[in-house]
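Same chain, two partners: subunit A is paired with subunit B first, then with subunit C.
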Partner chain A sequence: MKTVILATAIRILIPIFIIFSVYTLFRGHNHPGGGFIGGLIGAIAFVFHTMTHGPHQTVNTFLKINLYGYPRQPNQSRSLYLMRMMRVNVWRRRRLARHPQLKERMIRIEPIYIIATGLLLAATSGVAGLIAGQPFMHAFWADFYIPILGKPGTPILFDIGVYLLVIGVVLKITFVMSEE
Partner chain B sequence: MNHLLLLLPLLIPLYGAILCLFFWRYVRVQQLIGILAQACMLIASFVLLLEVNNKGIMSTQMGSWPAPFGITIVADVFSSLMVITSSITGMAIYLYSIKGLDKARQTFGYYPVLLILQMGVSGACLTGDLFNLFVWFEVLLICCFVLIALGGTKPQLEGAIKYVTINFLASGFLLTGIGVVYGIMGSLNMAELAVLVRTPVSHPALISMAGMFFLIAFGIKSAIFPLFFWLPASYHTPPIAISAFIAGMLTKVGMYALIRLFTLIFVTDQDLTIPLLTVLAGFTMVIGVFGAASQNDFRKILSFHIVSQIGYMLMGLALFTPLAIAGSIYFIIHNILVKTNLFLISGVVAHRNGTFALKKLGGVYLQHPFLSLLFFISAFSLAGIPPFSGFWGKFMLAKAGFEIDSFVIVITSLAVSLITIFSMTKIWNEVFWKKKPESDPLLDVMADSEQQASRMMHVPIVFLVVFILFIGIYAEPVVSMAHLAAEQLLNSELYINAVLKR
Partner chain C sequence: MFLAILAGFLFAFAAPLLYRWLGKWVYVPMALLPFSIFAYLLTLTPSVLGGDNLGEVQQWAPSLNINLHFYLDGLSLLFALLITGFGTLIMLYAGGYLKGHPLLGRFYLYLTLFMTAMLGLVLAGNIISLFVFWELTSISSYLLIGFGHDKESSRASALQALLVTGLGGLALMAGLILVGMAGDTYTLSELLERGDMVTNHALYLPALVLVLLGAFTKSAQFPFHFWLPNAMAAPTPVSAYLHSATMVKAGVYLLARLTPVMGGTDEWQYTLMIVGGITTVLGALLAVQHTDLKAILAYTTISALGLLVTMTGVGTAPALEAMVVFLLAHALYKGTFFLVAGNVDHATGTRDLTQLTGLSGSMRYTAIAALLAGMSMAGLLPFFGFIGKELVYEATLEESPFRWMLFAISFFSGMVFVAVAIALGFGLFWQRSAKPTPLLHPDKALLYLPPVILSITGLVFGLLPGFLVTPLLRRSAEAMLGVEQVFELALWHGFNLVLGLSLLTIALGYVVYRFSNRLQAYATRFNGLYRYGPANLYQLSLKGFLAGVTKITASIQNGYLRSYIAAIVLTHITLIMLSLWKDGPRLELANRLPELAQLRMYEVVLLLMIVPALIFLFKSRSRLTSIAIMGIIGYSIALFYILFGAPDVAATQLLIETLTVVIFVLILHKLPAFRYLSHASERYKYILLSLAFGAMMTYVILIVKQYPLDSELKAYYGENSYLLGQGRNIVNVILVDFRALDTLGEIVVLAVAAIGILAMLKLRMQKGEKP
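Up next is the complex of A and B:
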């Protein structure tokens, strides 16, 4: 379903969806919102992208990281080499990518790992209470406020976990369904 | 310390499943994580049982919200016995599935789903909140659906659809019942509800009506008489490692919930519930055992016997004396171990011969005398021959029945026991003793790797037989724990005080 109008609109809409989903995630403790809703809103962005460009393009755009590098020269100092590697991967990546000496390595983030990370975060937010000798999921709060986001505490970890879990599950379902 | 100990049976399988997800591509690593999680689970549940046995009922509040408002996790002797039995069974299933389940199914998330299923069993046994109980049953339902359908062969999908449709209906009844209870009482904490039903209320009839919703819901989930038909239709379809765990464990969790609720909350209208439960128990036993007698497939016979044995557990609840409930608890533990083991044995036989049909099997006694001995012990335990474990359960139930002069149900149960022996003898004759029909000599030769796999598959069976013999021959500790559990169930003051901290 590749139309020019949707493809152009989606370029502007994706950042809006993601920012709004993060905002919904953080306001969720005391207002409507939270990890589940936030995750669903965030997932809309990726679903639209898959609908217009297909699952492979979505994976290439959002879930793949290319790392560039070359083997260390014999007389090059280790720190200099590390700094070069950092610069190659951070600064002006596009232009350097065409450099013939550089080798490419690809890291692909599978939805299943997003799901697992989300579950791990959510479960671990509860364990914090157990370690302190309190019941499971006992909440610990900081005593300062961060503007817009509010008061940080362990329950937000749970919400972030749910957020990642929902995004991962929706991505997985979308990829499987659109490949068929 | 309490907080940690009560949560461990939930957290260990959860973290195991999460780690398995991280190593999605590496089945070897998943197997290792699985075994590790099972071992930790066994140790944790054993420590929990010891602690509860010594110190009485323990409870913790999730998120530090006080009792009637937050979710309570509570362990008495009955629930910790269930948890340890489930972890013993889980260990056996894991040991079996390493060799006994095909590689394709193992790569598609078998290990994480089985761990989550175990978390669901522990959760359903440990929770002290009615709605939370519903959520754990949903976890069980979803995991079972995935496991039964895993692999996607035609009979599996057929079984899975039957299973899910009828259990979905049961969940609907359960949710309706919970809604009615909340509407009448305004609370879902089980201890709080136990206090509220014992104070005079304006609508005692409504409470019994809510109880009927729960009876139908758990009646479907644990395959009680009029609602049992889905069980023999679905349990024989998945591979044996999966159907052994589901068949051994799941219906008994429904039974656990039924015993818990009908001793703690729905006790106000016993003129109605006790005769009803007695009739249901009798019919469940009789229909199940006749169904089994008419079958000609190893797994289908065992599936129908699950139904028949559910009747015994229900009979303990229906007699409603301390001895009867203790007998019921002992019988549940015995039955989980024995039934899982019989399913595993049928799996080993089928692995060797490629079929479950009694007509095509035969001569196993000649090929595997040791396996035959293991089957002999398990089958006689199931039928209730004196030195083995089934005898003690049936003995306690029968004695309790005679004490309160319920002769009809006791005589029914003893007659059913006889027919159970008939079924077991039928399997023994057809599978183990009969000369193998049209045996192809080429089929009898096994490759070395096959033989090694077959030997590995004996390990979990021996593991379970050790426990079966232990609770049969040295029954004293388990029987005394069952008595303690029954005492705790019938004195609901103990439970209420432990949860509400009065």
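Up next is the complex of A and C:
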């Protein structure tokens, strides 16, 4: 579906959507909101993007990380190699010309990974209680406040898990449905 | 004992690894395991013979009185020694029999697993753990029978054995639980002392039926005997071990074990005698008709198992003594014969009796083992089989109303055993022949040593019964009878009636052997009868079951979302209406009419939006319109949520509505054109269903609202949400803290649903293709 206005608008709106969804996620503990609602808001941003630009464009823009690298020389130390790689990837544009053997590597984030991460986070947030000898899902809270986000604690971790999972599920469904 | 079982499981699962490391030498550690357990059990023997019953308890679920309890008395010691001693030989034998087989490691895994399960079964001191091991033997037997999994017949036989024994196992579980309820304990040693309590309990009869079903299926009693001959599809070491010496005797063991608990009643006695008797005769009759070595052995095994069950049913002291002696003798000679049959099969490539002659020249040691086993089976004088047979005859000739019936049964089977023993022990090997069957390879030590050892054991036990086996057998019989037993096994009883009958058996058995060709020709006339046999019944019921299941699945899972939803909604309506109809409160609307006056303006407006939209939805003939209307309804409902103070729910509803509409739009242009193919009545049917569901929900909510809601939960969460959950939004605190486990379950479902959707949409099926 090609509508120029929506297509242009959604590119500007996506950061706002995301920030708002994260804000909703964290305010959920004291005001209406929470992981589920936040996740839905975040997902809707991407769904609109898919609707206007197509799933491939969405994946290319948001779920792909391009890294640059070259194979490690046999006599090169591992840590030096890692540091070089990081530098190359941060200032890649300047370095690209000087390294002819520099190759592009792509990391694609599958929505399934987001689902799995969310599930893992939600499940492990309860393990903290087990380690402390309390029942599973026993909550621990910090003693300080972070402005806007509120008090950190394990239930927040659980909520973040829900958030990620919801985004992953909606993205997966949307991509599968719109792909052809 | 616990350690022995644990070591068994560890060795079982290490077997494939060991095979990779040791190659063909894998049999050494695998044979050492049963041998060391055997030696360990021997060290316990003196104390058991002294009258102690050893127990060992590992806590499992103590609150349910289910523990991993091990219990060793004479009976279980006899079986355990049989299992481990025989197991050692089988492990050696399998190393020679399946030498070079690529899956030898897996074979040892299954075999050791089975051995351990069987050991656990006989050592179990808690009837629930007994059942667990019982099922484990069924499963490992399934794997072993289906070891040659590239053959269709092998797989079918394995499945048949699993289905028959597995179904019996389920019955057994129910039966054992009933026994446990009747005796008020699951611990065997306590149960053994509460025999009267169990037999007088109201649950005795159902428990008896179920337990017997389990024992009969396992021990291949009529009418469940048909799986055993088919199970001979397994490699011969398996047949020898599982299907003659150990697993099929598990049913007999169970009956023997439960004799003090459930035995002694008329029901027990008659059922066992009738079923055992029929099985004995049937097995003997069928054994004469076959020429395949393993089939003959399988049917004689069935016959012997029948005899054991009959003896257990008779239940007198001599009968039970005869039973344990015969059990040991049978295991020795039948095991030997199976191994001999395996040798012959391995060396010549055939198991057909008519094609095999004069093997004594080329397979000297195997021939000797066969001869010794044959003499034991026929009940010749210095062998252990003789003592067994004598005792059986003595027991059947005891004063009882059925003595002639019982004697006829045992005499008939004894006669057939003699014939089979001559055919296998003598005819196959020692009869002179101008053209001995050629061998594919010479006899191998690993293959002939185990049967030779077994058959010599039979001879030694016969020569020295008093010293070696009597104490153990006496303790076994005691375990069944519950009272001190004094009996001495002796080879020579003097010239008496029983000796004469023994001689007569041998003479008649020889006659049967001489005329077996003619008998076989005569027996083929009865082949038509097999169409009505239980094996065919099994095939028919399996086929019918599969066809029925296919039909039901096809009608329930027809692939139309609307029928699934209709089914869900209908079930929902029916269940709720049923419970409301029976004892639910009645709706009283009269005094609630004034509430209508409190209706606010915007509520009416929302209602006026929803109802016409719904009516319009029924008539719409375009997908886009329908989706838009659904959106309107969804948003209106969200507004209702806001009006009634549920901002979280409202936000979720709004977002979900948005997403639904957007996703619908995404796939809209990919769907085929909207056409209305079904009849108008179809549409009214669904409209009616929706109306019924709406009416039901309205009714339920009106009833709920009729009573003031005073739940402590609301107050509890209101008070503690901030104090314990550190949050002011009660809904969210409940979701992520108080009831976080529920939420975790829900998000798992969500993730699984996403994967399911992925699988369903990625599965591109052709028209009419099945997934």
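Going forward, the second predicted complex is superposed on the first by the 155 of 180 C-alpha atoms of A that agree within 3 Å, B and C clash if a C-alpha of one lies under 4 Å from a C-alpha of the other, contacts with A are read in each partner's own complex, and residues count from 1 in each chain.
Criterion: a contact is a pair of C-beta atoms (placed from the backbone, for glycine too) under 8 Å apart; a residue touches a chain by one contact, two chains touch by 3 or more.
Computed from a predicted structure; not experimentally measured.
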Subunit C versus subunit B on the shared subunit A, clash or fit after superposition: clash
More subunit A residues in contact [subunit B versus subunit C]: C
Touching partner for A:113 - first (subunit B), second (subunit C), both, neither: first
Partner chain in contact with A:19 - subunit B first, subunit C second, else both or neither: neither
Which superposed partner A:127 touches (first subunit B, second subunit C, both, neither): first
A:137 touches, of subunit B and subunit C: first, second, both or neither? both
Contacts of A:82 with subunit B and subunit C, given as first, second, both or neither: neither
First, second, both or neither for A:146, with subunit B first and subunit C second: neither
Contacts of A:44 with subunit B and subunit C, given as first, second, both or neither: second
Subunit B versus subunit C as contact partner of A:170, first or second or both or neither: second
Against subunit B, colliding segment of subunit C, chosen among 5-13, 23-31, 95-103 or 203-211: 203-211
Intersection of subunit A interface sets (partners subunit B, subunit C): 112, 115-116, 119, 123, 136-137, 139
Subunit C partner contacts - residues on subunit A that touch it in the complex: 1, 28-37, 40-41, 43-44, 47-48, 50-51, 111-112, 115-116, 118-119, 122-123, 126, 136-137, 139, 141, 151, 153, 155-156, 158-159, 161-162, 165-166, 168-170, 172-174, 176-178, 180
Residues of subunit C that touch subunit A when the two form their complex: 647-648, 651-652, 655-656, 658-659, 662-663, 665-667, 670, 724-729, 731-733, 735-737, 740-741, 743-744, 747-748, 750-751, 753-755, 757-758, 761-762
Residues of subunit A touching subunit B in the complex: 110, 112-113, 115-116, 119-120, 123, 127, 129-130, 133-139
Subunit B residues touching subunit A - in the complex, by the definition given at the top: 3-4, 7, 11, 14-15, 17-18, 21-22, 24, 60-64, 73
